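Order of writing sets the chain letters: A, B, C and D. Residues in each chain are counted from 1.
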Amino acid sequence: MKKLINDTADVVTEALRGVELAHPQLRVDHQNKIVFRGDAPVRGKVGLISGGGSGHEPLHGGFVGPGMLDAACAGEVFTSPVPDQMLAATQGVDGGAGVLHIVKNYTGDVMNFEMAAELAAAEGVEVEAVVTDDDVAVQDSLYTAGRRGVGVTVLLEKIVGAAADEGRDLKAVAEVARKVDANGRSMGMALTSCTVPAAGKPTFDLPDDQMEIGIGIHGEPGRRRVPLAPAREVAEMLVEPILKDLDFTGGDGVLAFVNGMGATPLLELYLMYGEVAAILRKAGVRVVRSLVGPYITSLDMAGCSVTLLKMDDELVHLWDAPVNTPGLRWGA
Amino acid sequence: MKKLINDTADVVTEALRGVELAHPQLRVDHQNKIVFRGDAPVRGKVGLISGGGSGHEPLHGGFVGPGMLDAACAGEVFTSPVPDQMLAATQGVDGGAGVLHIVKNYTGDVMNFEMAAELAAAEGVEVEAVVTDDDVAVQDSLYTAGRRGVGVTVLLEKIVGAAADEGRDLKAVAEVARKVDANGRSMGMALTSCTVPAAGKPTFDLPDDQMEIGIGIHGEPGRRRVPLAPAREVAEMLVEPILKDLDFTGGDGVLAFVNGMGATPLLELYLMYGEVAAILRKAGVRVVRSLVGPYITSLDMAGCSVTLLKMDDELVHLWDAPVNTPGLRWGA
Amino acid sequence: MGETVGSAALGRWLRAFADAVSENADELTALDSAIGDADHGANMRRGMNAVVAKLDAAPDVAPAALLKTVGMTLVSTVGGASGPLYGTLFLRMGTSAGDRAELDAQAFAAALRAGLNGVVARGKAVLGDKTMVDALTPAVDALDAALTDGAGLSDALHAAATAADRGSDATIPLVARKGRASYLGARSAGHRDPGATSTALLVNTAAASLG
Amino acid sequence: MGETVGSAALGRWLRAFADAVSENADELTALDSAIGDADHGANMRRGMNAVVAKLDAAPDVAPAALLKTVGMTLVSTVGGASGPLYGTLFLRMGTSAGDRAELDAQAFAAALRAGLNGVVARGKAVLGDKTMVDALTPAVDALDAALTDGAGLSDALHAAATAADRGSDATIPLVARKGRASYLGARSAGHRDPGATSTALLVNTAAASLG
């Protein structure tokens, strides 16, 4: 295993030390592994927290700051944080207007956030939770864990952050969040496996001539394993199931997001974006905003994902609003 | 070779298509492979261009926009662009105040930019060139090609972009550029080799238990090959030769930049930043600004580099000025 | 050793479980690599190490308090799916233990069933979903059945351990419907469930250290 | 074939060089992997393919114009270090050719020396720096010497080719002082210089197709 780390047990703790030193505008609670905006809690504003296993950076800690999250809880690598952390974050960002929990749909994350919400309620903090579940690679059914939360989470944190900044109340902010989740779909693929530091070896074996279509952000195997193919065919394999799942034509257009899994260089991501855009144009889908880069990653996995989000005037307005975080920044 | 590409011959062309589609505020000259800011040339402002082999993204195309470059020429992967491109870029950004060429010190880049400057002069455009050569891994001597231009190039493009934005003239802008180069030093390392698409296989073999210290951004072998070591020892190996080369104590402090080589995830880069900051503190070097992320990369190479830049009030002021590019953005 | 379970016996059991988790951590993680995210061994080890540290620090408490501490420690240190589930298991066992200083066989069995019910309430898995419930349910059923048949606690726990092992084996052909493995659909078949495997360790160490 | 070199002969030479570059592109890139950035083969192939396309499009021009077109095409398509250097080589050969329709042996040798001088002026490398100059200098010297000794163009070019090969071989033990390989310091020793290797191909194809 080749990684820039010390002891595998200290990876998250030590990375958080670097985050704190590199971003004086953030505050890190090392004991609880929480990244706060320096001025949290913001009086009268709905607090937004998220969190999840580490290894997906910049998600979530890199999205803490004005216009986005108020705090993010870092779990061990690929392991949901625990309720204690979420409770501490909830209390730390509660400015009197309640707190929204943004939860990616994984059994562990959902259960831990549920326990935290129960604890927070007992402490008198008003909490709403919204669960992202945008991954079309996974069959959606009442009888399974449901779809995974992936790329839409990034867009949701930005958009909902802007809504909270505008002073909307908890119910309204949660409503925006649910609207984003309902209108977004994603699909990912991997060229190589990631390696979890504590495991010391690749999570899965992927032969040199194969790729995994429908991968999750924890190296969970995907829909199917297929021979390597040119980027334009990979783009088809990702976009087609998304368009099948939701009608993205008409309306006010879409936000198209090509995300890198961690080890895929920007050169390839832009090339992929060109392919995705070409397919969308042919399919009659109008792109009004875009995002290209590694925003929700899977350690050192090579690969990418595509997320489409149906936009309307409100979402465009919220997307364009100023944001000032280490991972996404504009207008501020 | 596992890459999200189509034909290896089309990688740069197709990535530029993606850049154009993803960033409507930029204009791409596909024939000459130039990324322009959409409003170039800016009347009365010194034009800034750079360029180099592709494969280092976001450098340089991702740094085009208000507050930074006016245009960037994209060569083939790891191959300097040609004078025709540089001439077209120079003419395209000349707003009447002359044009600065920002050149990384590689024989090919220097010679091609020299030819371009000769051609531009013949066309009546005033051109100055500044060469970055900050890599302490390379012995500096009159009898060699000199040091490579690496991490300082990113910082220089930002700072000099702000100086040009303030309306300074060509001589003054070039002077700021030389000041930045003179006050910056870098050192890089690789855990794995990159793979040039056209070559189809890794540039060098690096055993599973070895790393390369002093690597260049084209996979040029470095100072020495050593056994894998913990991050804190890697940080020592990078920072120590930098501090040996230039005194960074006292004064107005430094900008500390931990750069990812392309395949190293942010989690590890922040962990490295923590180690670098700890060493600097012990050495009496005060950090006043920082940058952490993959900004000057080497395709899919895993590894990182450290750059230190001595700051003063002027440089801090120019660094903090608004910038609006795909790769670096704040205040706008 | 004896027909009742007090705090000392619970401590022995939990330490034995911690050792078993530690020894089998790599295997648990390997199972989780195949159908999950390669952390179940690390998660359980982190949690059980924390539990052992708590036991070392405060050994002399009644069973209910001890079990609740174990549950809260697991909730607070494990994360993932297994944290809330194993945590709830022990929290509910603690509640079921009430103010008893010693749990007789019936009370221990009742506590374990309360734990199982907690796991099901929290995770909503049913038998056959390819989860820890597939090892825990048959184990609790076998424990009850053996006690009803007049067996002593030790024999009953050995029957429970055998049932847990069988339940863990039985997860192999199943298609997962809960947890991370459910994303795999049909491809999850042919792999043993990591949580069922760690639960079988839990019941086996109970048989070895209690009764 | 003959004792003078016109545009047709130059065209044959350049096509032969293009073929040789194409055949040896992988080897040139492999050499560049060892001490550079793994692109010399790709660079030269891209450039010479463009040159051949230009020759196909406009075959009937005088030597000076043809050589200048070759030089400009290389400058415009190769990039890297070899683009300006090979480009300058041919641009200077074109200037040296003047308005001759045919270059006799002396004029051809003078043109090649002018090209060498251009390469040195552009790249500032001296003999022993482990660059293409280490193949080109002995080749030009051998060509002059053979012609002075009364050899015909063909024999003289064969002598030049032998000298270029030797010059290329001689780069192996050298420590690079110019170009990308210089970053390696002492570690550059033990590897053949890619540019010297392609230059030896250039002189060898001249011997095979001219004179």
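General remarks:
Assume a contact is a pair of C-beta atoms (placed from the backbone, for glycine too) under 8 Å apart; a residue touches a chain by one contact, two chains touch by 3 or more.
Owing to the predicted nature of the structure, the values given are computational and were not obtained by experimental measurement.
Taking each chain's centre as the average of its CA atoms, chain B and chain D sit 32 Å apart.
We define each chain's centre as the mean of its Cα atoms; on that basis chain A and chain B are separated by 29 Å. Centre-to-centre spacing of chain B and chain C amounts to 55 Å, using the average Cα coordinate of each chain.
Residue positions 77 of chain A are each in touch with at least two other chains. Shown here, the protein chains touch in a chain-like sequence that does not close on itself.
Working note: touching chain pairs come out as A-B, A-C, B-D. Across the interface of their complex, chain B is touched by residues 29, 33, 35-39, 42-43, 46, 75-85, 122-123, 177-180, 182-185, 187 of chain D. Chain contact summary for the complex, chain B toward chain D: residues 53, 75-84, 106-108, 111-112, 114-115, 137-139, 143-145, 148, 196, 198-199, 203-204, 216, 218-221. On chain A, the positions that touch chain B within their shared complex are 2-7, 11-12, 14-19, 21-23, 54-55, 57-58, 62, 77, 191-192, 208, 211, 228, 230-232, 234, 262-275, 277, 287, 290, 292, 294, 297, 299-300, 302-304, 324, 326, 329-332.
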